[in-house]
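When the chains are written out, they are named A, B, C, D, E, F and G in that same order, and each has its own residue count from 1.
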């Protein structure tokens, strides 16, 4: 179970000795393959029996050791993350730019992978902070990989605000310790419950702010749309698909394990504002990557809305949304990368008529785009509707109206991209390669296709997946179960 | 940073200060388990020595010694720490679970070796490597240093 | 709780926040450094009592070692962050010959479009296209 | 006998401490009294070095552990070695007085 | 004994205060570095006295490292001033 | 002649505060590592004459105290003569860089005087001096110091 | 299970054609025809005359009741046959229509996907299933309208159609959610049985109607349909007359037995239907493009259908179903016929299409017959159904709404006769000489083969013949339609007759026909282009809303996303401050107690550190500030030491020193002082924000500190430290053992940071070299240029 964390780290260290790119690639894929097997095994086992797996680091009792805890949600997230990371790496290999530009790409990418897994598995608040720092630092490096003017400027915003986030998180954790004397997530629920209301609320809100910055929620989202568009597509794809999800995941943990059911209405309001502001940003922009980046923010809002409603149905819907959104968002960025690689840009001012040039690419865009807009029969529809339904049950009418309006505006933003980039005459001015769009980028196309297929598979297998999400949600709400599993480990 | 031609620096820094400081660095590293110090502090002290060499323009010294490839040192340090983390997995223990050996070696007597010492040593190496990398990259005046010393895979 | 430490933490938070709001990247880096110190002091001040150093064998009541260990990790991470920010500042300087964080270009474009209160949507280009 | 010795050592230490402290004070006052960086260095680094050395010797007299005494010795040596290096580097860089 | 040490420590604080005034008040970088160096020395002295006070090695560790590392700040400043000597004049 | 390695080994053992086989062995390893890590710039070594060395240390310590007092005095009661500064230049006689380096350090340690530069080729010494001073007297003092140093250590080349 | 596979087969065929058989679209079309035929066979054999209704459930997300349920009841059979048979005809027609068009492959693929969506929609047994296919039809329609994506207006129309129907779809989704949660079911049969009422149901009604109205282009959402005529004729014929726009009618038909008794439902339906009928009819009188004329006539007819189906009264439902069939039959013929004319003449202008009489007399005859059916002339099927509609409205016992409906239907009928007459007029008028030449010209360039003419002609002639035939055998057709309407309303005793005898309805009809014919024949064929350029008022409103939304979004985004880092930091800091204030507001002012007495030394060091830290913020010299930062660190180190944290102090001192060195390295070449700040906000604001943070955070700390309840877990460490972890320094033992994993992460962070620094420096170096290379190339070029000159 600790393999998805340790494996990539070891690989990263080994790769510092490797000069040859091919060797680095080999090590990367081998490692991810092993991680994949390991995380799939954990996932299947937990799917089978639902027993929470705990690894006690350094072998000390669960009550005061650092633990890695895999419950249903964590195991799922690690598996999905590993799959996505692997496919995107294949894409990056096909794209060639990032890993040929810097010999540190592969090691840093591996470290980021490890950080993501560790964040999902962390059973200790401070260790979670460390995991965050690992993946953040790796993301800083990946974001500024080429060191261009744009990247440095955007990287600065990203780095500074994420450092601020780190400070807030660290402060929050320090205060949690000061109030409770522990940072173990299994020990915290009981101790937090004893605190005075204001202190408890303050700690909860501080954690919400910290994770909220990471997850890019209103009003703390601004760093995201400014920075993601500047990274290479393969990098921003992982950022978009996974990194913000880590923040959401942590918000879910905070809301279910540490402060069960508290301040739900605040979360709902934040969620509604986030989806609205995000989508308005998306339709304000023209650039494909910008629109997609703002859409990340908007989607986060949906998850927060579901989380805020609370209860197993809403949390299950949120989990389903969380999982479905990873391949959807990732694939959109990957498509953008293919467009940009083919035409030198993905701006509608430069590119158009892509659908004529590559119908397959158009389909690869359309499926996740419609899924994002919540249209049936794609996974996004099920996820969005599941959340809306939970809202109806809870009579969150305002939120539902916002969610539906945002859904329409999301469609607007996707249509903007479609009309601007995929429709229209083939622009003669563009730096268009003469051969087929996907012919020279077969690996990029295939990996994008795999992620799209993954998202379609989520839609097809929605039934069993949703049952699993429901079980995962029930497990999340069973605080005592978590505590006992860690204590008795 | 330009090299400073100075007899004072030659004598003091090269002959004595560096070596004494490096010795202290090792000392701080290894006694950390029982007194303030440890791999991190020790690594920083040794890093400080390199800073001193660097500030006095002595970095050519670094380039003729085995630590000229700090990325490899970095990798080695990480591997040592990770090894300490992962090896227990092979003997069915928890990751990072420590083990205390007390072998009774002839002449020396009973020696107490704690496995976490290797972890600390890994930390030490990483810190030294990090300091070196930062010095050699940010501190490089010309370009050549970066390619040669800051990292080697091209 | 030590009152003087608390006041110091407050001052450091103020100074750090103030510096982070500057345009000069060097000052931002300074802010990162100050804020890091502030949080570290906060954790130690709030999380433990001033007692004897936590080394077994020392006389007197030992203070809580855990906040110290956490802060030690935080110090290192803070150093890593600060170094990277400084490298970023350096690179920024080497590109633009100034030390400032500029506003995002695309955002400014959108702002300008909003300012002009343009009647033109992006998807259906109306009047201007049809002519 | 050892009591007497201890007392003597105590007194010596005290004298050394106070002397060291006063030297430090003088050094800091010098920062304001003198003009020009080099002049200020004359008045600060040297008395400070001496001050540290005095305190170190005073401290050495009170310590019992070999390891600790060694550290104090190293501290003195370091003072004597590093002060010139610092002065040297400064002397090179700071122009004027 | 304790009283004398307390007096010594008080003098150190006073000296440090005066040095900090030099640092904070408008002055050149070089002067500030000199003051900083002095501050390090004062800290070392205080640590030595504190160590003697309780026959305790802990402050000595810090003093030792200060001695090893502290002067780096000063020579860093020196290097900085030197590297831009032309510019400042 | 005291090998530097031995000094370092003693230092190592003293730091641990305990003479044991384990410390000795680890010390040998540590010293070897350290020596290997930091290269020598010059291929010279030297010999210390213990008695002369002690005399030298005593001399330096004495001048350290007296001149500290003098500077302290200047701080407390500054006059123009006491606070004026000058740069004195002179050439060392013994032809040894090592000796020159020790001289330069000793000068720096002594309050009121501060070595700015010692050229390793010409052995020209630049000293910054606080307070009014007669150049000839100063030169004589420095050369006297050089003599004392040269008597305490003797350089020997082994390449 | 047959229904779901039949639907899926059409999608699969579509998908294959989109990505696979792109080079051979004709073969793809043949595959599509085969699939459509097979599906038709399935529906016909399993549906017509079956003793039990075939029901299929495809489990999807059963936990939430998101399953696909299909039912082949009478209405479903009827609609499915319309969809499939017309689809077959249109696809056949398209083979000739597109010929050498490069978009044909795309058309066939999307067409099949659309046919699948539509089949699924009409077979749906519950609202959820219907919604799924509903949205699919919107998507396919979007892509089909935009088939000629090089045309700006096609793109715009597609977007308008998608967003309008998409918005309606979301309303429908809301209704689905409400019904699912409130009633636990969306199955039509269950809903009819439940007859739900109440405030929440009223909301559901409004949402459902919005969905239906947008889809079926009812007022005020009627504007997108004429715009959708930018699509090629087969698309218009199939989607925007015969099938997709009927989706809203299907929905109304399914739901009106559920909500038909509600006044809310009835009034909305009647008002929207009547308004649509009148507006569409009026507009149809003013179109010069024959296709647009038909489009507006479709709008008008849809209004009639809405009124009939929405009234929820069994006879009206029966009439609605009948007229739905009639409309599908004559309208597909009309559209396809106009397409033939367009194909033959190269124009659809009503002043010019008269020339078609000679080129394609059969087609024009079929058009004429269909037009008469549209006008409701005996003996065509349109007459039969129009009569039935009048009867149904006359007999309706629904109060004032019924009266409004009656007036509306009469006026609407007048208009529909009028535009039919105008269209007929256009068909029969003689084009002037010049036009005739132009048409002849076009013809010379465009000689169609026999196969082409058959393929184009048959799909026009067959439905036209059907209009006539159905009229003649109206009684039998009426019997066929009993089952479909019974499946909706539960009971339908109505029947159709060609000649009902003289009754109120017939008299009204006669008056309507006379008045309408006069108006229509006298209406001018050539009409000056309306004022608003190419866009209708509805389109302009849509665009205004769209632009306003975008403008609002931009203005808002300018506020939320100014791109300014300082602003972002300020907002984030303020958020933290607000959090602290909120916590304090709940618990009240923290108790200022429990302070340890600080030693004078602590106080002194604190004061010094504060002084230095303020210096960091104040000083303007770059490196000096860095040194000050070091001073703050040293101060913190001393405080750590005094609190019993020697390890911290040690590390802090080392780290601060190294930090200063790195500051030096990074800032070597930067100027001495900071540039004067080009600030985003006045200094006072920044000071205020930072002071607020500096004040509230310590208060929060105090409040939290006082709340400590349990002892630290670290108390468990001490007993185990030496024996089990082998060390006495607890902090170090924690770092390498108890919490060694944190340290592992910490050195990883450090390592990656170093890699990042090196990477940035290398990038700079790479860029510098590149620039140098470019410069030297440039100067070399310049050098050779001067060489040439000399």
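One rule holds for everything that comes next: a residue touches a chain if its C-beta (ideal position, glycine included) is under 8 Å from a C-beta of that chain, and two chains touch if they have at least 3 such contacts.
Just so it is clear, the structure is predicted and the values come from calculations on it, not from any experiment.
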Centre-most chain by CA centroid is A
Note: of the two pairs B-F and B-E, more contacts are counted for B-F
For the pair subunit C and subunit G, the C-alpha centroid-to-centroid distance in angstrom is 41
Rounded to the nearest Å, the gap between Cα centres of subunit E and subunit G is 69
For the pair subunit B and subunit G, the C-alpha centroid-to-centroid distance in angstrom is 60
Here the gap between subunit E and subunit F, centre to centre from mean Cα coordinates and rounded to Å, is 23
Subunit E touches at least 2 other chains through residues 9, 16, 33, 57-58, 61-62, 64-65, 68-69, 72, 75-76, 79, 83
Expected list for subunit B, residues touching two or more other chains, is 6, 8, 12, 16, 20, 24, 34-37, 40-41, 44-45, 48, 51, 55-56, 71, 74, 78, 82, 85, 95-96, 98, 134, 137-138, 151
In subunit F, the residues touching two or more other chains are 11, 15-16, 104-105, 115, 117
The subunit A residues in contact with subunit B across the complex are 2, 6, 9-10, 12-21, 24, 55-59, 103-104
Counting only contacts in the complex, subunit C reaches subunit B at residues 53, 55, 72, 76, 83, 86-87, 90
Touching subunit F in the complex, subunit D uses residues 23, 26-27, 29-30, 33-36, 38-39, 41-43, 46-47, 49-50, 65-71, 73-74, 80-81, 83-84, 87-88, 91-92, 97
In the complex, the residues of subunit C that touch subunit G are 1-24, 26-30, 33-34, 37, 40-42, 44-57, 62-66, 68-73, 75-84, 86-91, 93-95, 98-101, 103-108, 110-111, 113-115, 117-127, 129-130
Interface with subunit B, subunit E side, in the complex: residues 57-58, 61-62, 64-65, 68-69, 72, 75-76, 79, 83
